[in-house]
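As written, the chains take the letters A, B, C and D, and residue 1 is the first residue of each chain.
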Amino acid sequence: MRKSSNVSTETRNIHLGYYAVLREQRGLSEERLATAAATPRALYEELRARHGFRLGVPQLRVVVNDEFGSWDTPLQEGDHVVFIPPVAGG
Amino acid sequence: MRKSSNVSTETRNIHLGYYAVLREQRGLSEERLATAAATPRALYEELRARHGFRLGVPQLRVVVNDEFGSWDTPLQEGDHVVFIPPVAGG
Amino acid sequence: MFRISGSPINPEALKTQLAAAGAGACVTFEGWVRDHNEGKRVRRLEYEAFVSMAEKEGACIVAGAREKFGLDHALCIHRVGTLEIGQIAVWVGASAPHRDEAFAACRYIIDEVKHRVPIWKKEHYIDGDSGWVHCEHCAQPGRHHAAETTPGESTAAPRIKAAP
Amino acid sequence: MFRISGSPINPEALKTQLAAAGAGACVTFEGWVRDHNEGKRVRRLEYEAFVSMAEKEGACIVAGAREKFGLDHALCIHRVGTLEIGQIAVWVGASAPHRDEAFAACRYIIDEVKHRVPIWKKEHYIDGDSGWVHCEHCAQPGRHHAAETTPGESTAAPRIKAAP
């Protein structure tokens, strides 16, 4: 198990997918990103600061590798991450 | 207005329609009947005694001239009367 | 609109009548002839209606639902005659701006039709028996009863043994 | 079964998949593109889905409903892409021995799909404006919210002014 002091300085390659309002605000549907963010929460805050996303973490869910995940589970190299804006099917 | 003492001895021609279990028990769909029955209630009891209908008044509704009627409203010459067994559409 | 039909029901043709630019929800109910009831295996059903009264009562129910639930459109068609397993005995459709009203109205219409409209059904069983389906509660004006007949209620239904 | 579809939904073809000799009730829900929402006149809608997750979540909802309500069959298809007024955005169908279960299941499925499945819709208004429809409650896993967005909630939705 990695120590969190190490985790925060590692860099991981993350595959990001964007949908709906996040896709529009980001201006693309997917990207690969090298990030020092250790968790989905840190990653989203990094992206939010960079791209000005208006939605906050409480309004989103996160999907990691096609499973709904928790905001604080450590990210792994190569993870596929999607932040899910509030849905409105039907 | 007729006095009820007279009503009970008058004879009226009533057009009867039968449906479902009453039609089967009567063996026909409609008939014309000259009856001394003054009300739908009396008429049904007369028919029940004659034909052995198993349903009682509390299980039925009565329609007089294409309107749901009351059991004790005096019948008039030429009335069209249908006793409605419990329904089961759908 | 409510109608008694002696010929098969065509759901698609009916549903087009529910279209409205302001409608966001359409709910339909179809009653199908089922191969069993209360533990007995059913071969077919026969439906009989007091047509003039059925159409009057049915129209009243459907118009009432339109008003009560603020519907765009509502329709109900009920079959009469002999129906085989899988055939549509009754079709109800309701369209409304939102789904709450469309669901509630569709349910309301089929419940009221089953309780109030003078239509009767006779079940013909695999074993040759047959019986009129009803429950005594239905006969009480204004009284509601369980959605389906129950074993206790069905014992009141006369059973007519088929000729051998 | 749950499916995301890029082409128009064909209700009749779907409904034949619900047939079962033991089914006495079939309830369907169609979500139609409505010409208005929250007082704004709508020209068309755009639906977008995270397809792999939507189909996984949707399949889970439909299978859960089959189990929970003892259904014969259940299906849900959701459109993506650009839809005009009157087109079918989503279709849900459920068949069951009795109507209680068919109604409850159909309602359950559309409610869960609207709350949980990663599908988004953008409204394009007659006045040239557009906006993603959502409410903040939807983002809370396991939380239910009102059936439709409300004016208070919709103010949280980013509005993107169309190019003149």
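Here is the rule we use: a residue touches a chain if its C-beta (ideal position, glycine included) is under 8 Å from a C-beta of that chain, and two chains touch if they have at least 3 such contacts.
For clarity, every value in this text was computed on a predicted model and none was experimentally measured.
Counted as hops between touching chains, the shortest connection from chain B to chain C is 1.
Taking each chain's centre as the average of its CA atoms, chain A and chain C sit 52 Å apart. Each chain gets a centre from the mean of its Cα atoms; for chain A and chain B, those two points are 77 Å apart.
If each chain is reduced to the centroid of its CA atoms, chain C and chain D end up 27 Å from each other. Multi-chain contact residues of chain B (touching two or more other chains): 90. Those residues of chain C in touch with two or more other chains are numbered 31, 99, 110. Here the touching chains pair up as A-D, B-C, C-D. Listed in rising order, the residues of chain D touching chain A in the complex are 31, 47-50, 52-53, 56, 78, 89-90, 110, 113-122, 132-141, 149, 157-158, 160.
Looking at the complex, you find that chain A touches chain D at residues 17, 19-21, 23-25, 54-55, 58-61, 63, 66, 68, 82, 84-90. Across the complex, chain D meets chain C through its residues 11-12, 15, 19, 21-36, 85-86, 95, 97-100, 102-103, 106-107, 110, 147-148.
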